[in-house]
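As structure tokens, here come the structures.
Next come two complexes, and both contain chain A; in the first it sits with chain B, in the second with chain C.
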Partner chain A sequence: MTVETLLAQALKALVSGLTMGMVFGLVALGLTIIFGVMDIVNFAHGEFLMIGMYCGLLTYSGLGADPLFGLPIAAVVGFALGVGCYYGLVQFLLRGPMIAQLFGTFGLMLFLRNLALLIMGADPRGVHHGALVGKSFVMGPGIVVELTKLTAGIFSLLAFAAVWWLMNRTRIGLALTATALDGQAARYMGIPTEKMNAFAWGLGGTTVAVAGALLVNFWPVDPNVGLLFTMIAFTTVALGGFGSIPGAAFAGLIVGLLINLPPIWDAISAFSQWPILTAGEMHQFKYSFVYLAFFLIMVLRPRGLFGWKY
Partner chain B sequence: MARKSLILVSVAVLALVMAAPVWAADEIKIGVLYPLTGGAAAEGKELRDGAELAVEIINNAKPELSMAIAKNAGIKSLGGAKVKLIIQDHQGNPQLAADLAKKLIQDDKVVGLMGAYHSAVTKTVSAVAERFGVPMINESSTSPALTKEGYKWFWRTTPHDTTFTNDLYEFLDGLTKGKAKGVKAFDPKELLPIVSACEKTEWGANVDLAIKEIGKARAVPVQLSLLYAAKAPDLSSEVQSLLAPKPATMLFAGYGADAILMVKTLKSMKAQPKLIWGQNAGFESPEFLSALGDDVNGILTRTVFSPRVGQVKKVAAEVNGLYKAKTGRDLSGASARAFTATQTWAHILEKAGSTKPEALQKAANEIMIGPDELIVPWKGVKFATTGSDIGQNELGTGMIGQYQKGKDGKITLEIIYPFELATADLIYPFKGW
Partner chain C sequence: MEVLKRTFDFSDFPRTDLCVAGAVALFLLIFPLLPHSSFAMATMIQFLMFSVYGMGWNTIGGYGGQVDLGKAQYVGIGAYTTAVMMIRWQVPFWVSLPIGMALAVGWSFILGYPLFRLRGHYFAIATIAVSLVLKDIFEAWSFVGGARGLKIPLRTDMPSFLYLQFREDYYYYYVILGLFFVGLFYINWFRQSRIGYQLRCIKDNEEVAKSLGIDAHWAKIKAYAVATAFVAAVGSFHACYNFNIEPEDTMSLDLSVLIALMAMLGGAGSLWGPIIGAAVLVPMKNYLGAWFGAKAGLVGLDLIIYSTIIMVIAAFEPRGIWGLITRLRESRRN
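What follows is the complex of A and B.
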């Protein structure tokens, strides 16, 4: 193996890590919005993603349209789902102790997952045709960029910019921030905190459902798919700092890069021919790097990289 | 008044409780552990449907079927007692499955166990069965290590991965010598380099070992092999490493959704191997086909059943017809093997003429089911009682199938290996996506 191929492999891993990182950031965005405003950890976040994915899938299989047309549908469904969950469940949980909030959204997760199992069945399903489905292009020295991930990445940047703008430059964002900082004081100032909370849930639901509708162009969907992403989303949010929008984006990139360490290891192994660097050995630990980073952050900086609460 | 009705209800409940054993006398309970929710839920459903169909055939006389369990209703040597499956969902969780197995043995008083699909789960359940001295039949867990424990209460009907992996290398060898239907002999170097990726639990890790060891012994070593987490959202880093040496042959072992994601990732990263082979499980399940559609055309998988077996075995076609009428689907490797394991249970009960564990153990060690009875293309069911593979069915064999798109646009799993059973010309090299 030459130095050029080694560098090409490293570059491939970098590109793949950054695109995947933006996808993780997008999935984590909704979670961090809800936590930022209400201090509630939404365990059902992955299930919102799964519902978004089914929106894309059903647009494709039910209406016969390109799964991309599922994006606006998913946005509406996600918003309704978020607001509905708030008024139907979460506002009651807020009156209880912390543990009630944890178990409440955990129950919501089990309910939504099993509801999906009942309606959609257990089989993983995928879309076969569409503007993004199965498309990828080659760049430079054999760097393959997958179109679904790239689109999700671009969309992720836009969503982060939009949410950041909303939170920092608009009256509604100020009201949300005020509610997040001190709900009682915000209420005294005339901010309708109930509505703000519901809006945060709606916004969180929208971003994650739209992410789902986008991801279904590549990922197969089944009722358990949320779990795969939630573990990573929670880690991303905790790394970035609970409630921090730029934190989620940045931590997403870190997670994406960390899980792309094994191919670099393999390339170095093939390049150096050192028997101690056995190729292929690192893949089984690829998520361990992520959780190790999570652990270190928890020990050294418990509020996360960009955390602003506590 | 309230008191009177309370007494009445109590009496009624007591009567029911006392009556229960009388009903149970003509019912033989077998505890079954399958993954009905979680990542392998689709396979769990297949397994359940296969086992339930076998029970229907055992409990009702179906003289039109040419198998012993269909001759009369129930187990004849036990006075026509009916078999009842108590099916529990282990969610793919080994600890949960061990707890469920204990409950089945202690609370439900099952006479035996069956399950549990995932090798990692079968491992804990078989340990429970061994401790309680309750017989367990395993239908589809293929980690070779499971029958290396020297257990006295564990029997496995399916062949295991050493057999299957041997088949794979036999197939590759025959392929280069021109034995495969429709492919001329070529230089074996064309199939190199070989790379493999297996999921990292009990099953995949053992497949990985078998692939490496047998490949080395046959002088076709695997250049790169890696293990990956099946419950993960992304496989692109794995695929990048796999594609780096420009592989000609790619070997996989994956469960459910990860197998689908693997093929999708291979396609999007523009992989161009000559041959893709999957070690059953995720590559053989019906949703692999439905989720990937035409993208599976040309992919090989080891299998133990294809509806095409019906062309060479009448009984397979008959049972497949019943299964299709019941579920709307063809039998798969999972459902066919669950059927066969349940059928084996009926043979053991019939031979034992008792539900005492010792009698069942003796019967299991002695039974011999002939090939004509089976829907799977094996030489029979006979368990090893000596040697290093105690409890393993010695007469099981594997097949290799290839997904091929027919002229009607439908995709079928054609039999490619054993070469003499081939139902279609092999597509080689893989045409790409």
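What follows is the complex of A and C.
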């Protein structure tokens, strides 16, 4: 391989990492909002994403529309799912000890996953046609940018801007922040904290379901897809700092790059002709880097990059 | 002598408990003599295995209150040590069992040191992350067979106690029953020992524990090592019982969670909790799975029922079945 193709390969991985990183940031956003407001870790987060992905898929295969029309549907379904889970399960879990919260949301995860298995079957399914699917444009010699990933990245940025505006410029967002900072004091100020908690779950569900509808354009969906994304979201949130919105966006980019490390490493190792871990051997450890990053961040800097709460 | 006395001292339980426990122990001892199907026998062996897993988890997760969701990696270490040593060097089970336990405990000390700087949710998620990394490594490592795993070849001298290879299941049953009783008496000693009290103090309030002069970090690492030894021992047994091990069934997150769940469902932090939890969940899982799995189009329904039970328990009685029993007793006394 010549130097140019290697460079192009590395650059392609870089671009893909950055665009996917935006989506990962959006996946983690919901988790960080929920965590920031009520100190509860949602193990079912990846399953919310899976439901968002199925929303996109079903608009495509059931209604015959472009998967992008799935976005508003996914947003509504995600909000309903989040609020439903809060009133149906989480408000009871909040009374118990931490272990109950862990297992409660874990049970929710198993429940949603197997419900999807029962209804949709185990086969992975993807979107094959659509306004964006399969199209790409060339940016320089050998650097191909897939339109689906680029659009997903741009939409994620827009969603981030919207959530940031909601949290900082509206009354309901300020009330949410107040609840996150000190629930009891917020209650004394007349903020309905129960409703705020439910709203946080709704908002979290919306963002992650939208991320799922964006993701389904280039990532096939099956009922077991959730766990990987739950772990990615945990890593992103830990890296960015629990409860921080700009942190989630920034950390998403880093995690996106981490997942695209193996192709970049292939380019480097082929270029420098190191004998260790060449040509594809790194690909098996694609996700290990994410898990390892989580462990190291938690041990070395539990506050994350932008965190205010831990 | 003092240690021995405490090991067999169950006097702080009410007499009804001890009668029930004695009846159950007698039933377990004579179970292979009763008429049973081979499916029931396999379920009983699994029940005993998960009881011992749960007892191990209970030391750190129940008495210590540190929710550990990465126990499967130690099951994997125990199982792989036994399998690799048996296949490559013909080492008997009873030699590789302590070696596997020692390796797992050593690894737990290395991990425990950084892990226990974390608390609560962060600890739980970090244990998951570490265990998944180890699983990825085992899936890529050709020495241990990669993702396809290892297969222990059958020996010609078949009923071999040394290598734990039998044709009939009841031999395995009595081996794991022996481990079960050893584990039970050890935990009975553990809960009345110095470290047992230290752990309960840490669970209630870590700051107070530290101010009383307890080295909380070290106590947790020790309890974590005890839990690991239990789990690795059953892992070794699992390798011999199944002949066939792969990373997906010995090291998956599902197994880690199942271990923790059994203990929690029965009642974390009590002697009988993990046993009750395993006695409820294992038969339910097996029979529901066999029942619905055979019918087409109902894949996943057994796990839906199962997860609903988990959610209900977590929401309404986080202390598990044992908590329910204690509450009933208290209400009857008043």
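Here is the rule we go by: the second predicted complex is superposed on the first by the 289 of 310 C-alpha atoms of A that agree within 3 Å, B and C clash if a C-alpha of one lies under 4 Å from a C-alpha of the other, contacts with A are read in each partner's own complex, and residues count from 1 in each chain.
Methods note: a contact is a pair of C-beta atoms (placed from the backbone, for glycine too) under 8 Å apart; a residue touches a chain by one contact, two chains touch by 3 or more.
A quick note: this is a predicted structure, and the numbers were derived from the prediction, not measured.
S.K.: A:G107 in the overlay: touching chain B, chain C, both, or neither? Say first, second, both or neither.
M.R.: After superposing on A, A:G107 lies in contact with chain C but is clear of chain B.
S.K.: Tell me which partner A:V299 touches in the superposition: chain B (first), chain C (second), both or neither.
M.R.: second
S.K.: Thinking of the overlay built on chain A, is A:F92 touched by chain B (first), by chain C (second), by both, or by neither?
M.R.: The answer is second: A:F92 touches chain C but not chain B.
S.K.: In the superposed arrangement, does A:L227 touch chain B (first), chain C (second), both or neither?
M.R.: both
S.K.: On the A-aligned overlay, A:V216 touches which partner chain: chain B = first, chain C = second, or both, or neither?
M.R.: neither
S.K.: Who does A:E146 touch here: chain B (first), chain C (second), both, or neither?
M.R.: In the superposition, A:E146 contacts chain B only.
S.K.: Who does A:S16 touch here: chain B (first), chain C (second), both, or neither?
M.R.: first
S.K.: Go through the superposed model and pick first if A:L117 touches only chain B, second if only chain C, both, or neither.
M.R.: Once the two structures are laid over each other on A, A:L117 reaches both partners.
S.K.: After lining up the shared chain so the two structures overlap, which partner does A:R125 touch, if you call chain B first and chain C second: first, second, both or neither?
M.R.: A:R125: touches chain B, not chain C.
S.K.: Do chain B and chain C land on any of the same chain A residues, and which?
M.R.: 114, 117, 122, 223, 227, 281, 284, 287
S.K.: Report the residues of chain A in contact with chain B in the complex, numbered from low to high.
M.R.: Contacts found on chain A: 5, 9, 12-13, 16-17, 20, 114, 117, 121-126, 128, 134-136, 138, 144, 146-149, 218-220, 222-225, 227-229, 232, 259-263, 266-267, 270, 279-281, 283-284, 286-287.
S.K.: Along chain B, where are the residues that touch chain A in the complex?
M.R.: Those residues of chain B that touch chain A are 36-39, 41-42, 44-45, 197, 200, 224-229, 231-234, 236-238, 240-241, 244-245, 256-257, 260-261, 264, 267-270, 286-287, 290-295, 433.
S.K.: For chain A, which residues are in contact with chain C within the complex?
M.R.: Going by the criterion above, the answer is residues 41, 89, 92-93, 96-104, 106-111, 113-115, 117-118, 122, 223, 227, 231, 234-235, 238, 281, 284-285, 287-288, 291-292, 294-295, 298-299, 302, 310.
S.K.: Would you pull the chain C residues touching chain A in the complex into a rising list?
M.R.: These residues of chain C touch chain A: 61, 65, 67, 69, 114-115, 117-118, 120-122, 124-126, 128-130, 132-133, 136-137, 139-140, 253, 257, 260-261, 264, 268, 298-301, 303-304, 306-311, 313-316, 318.
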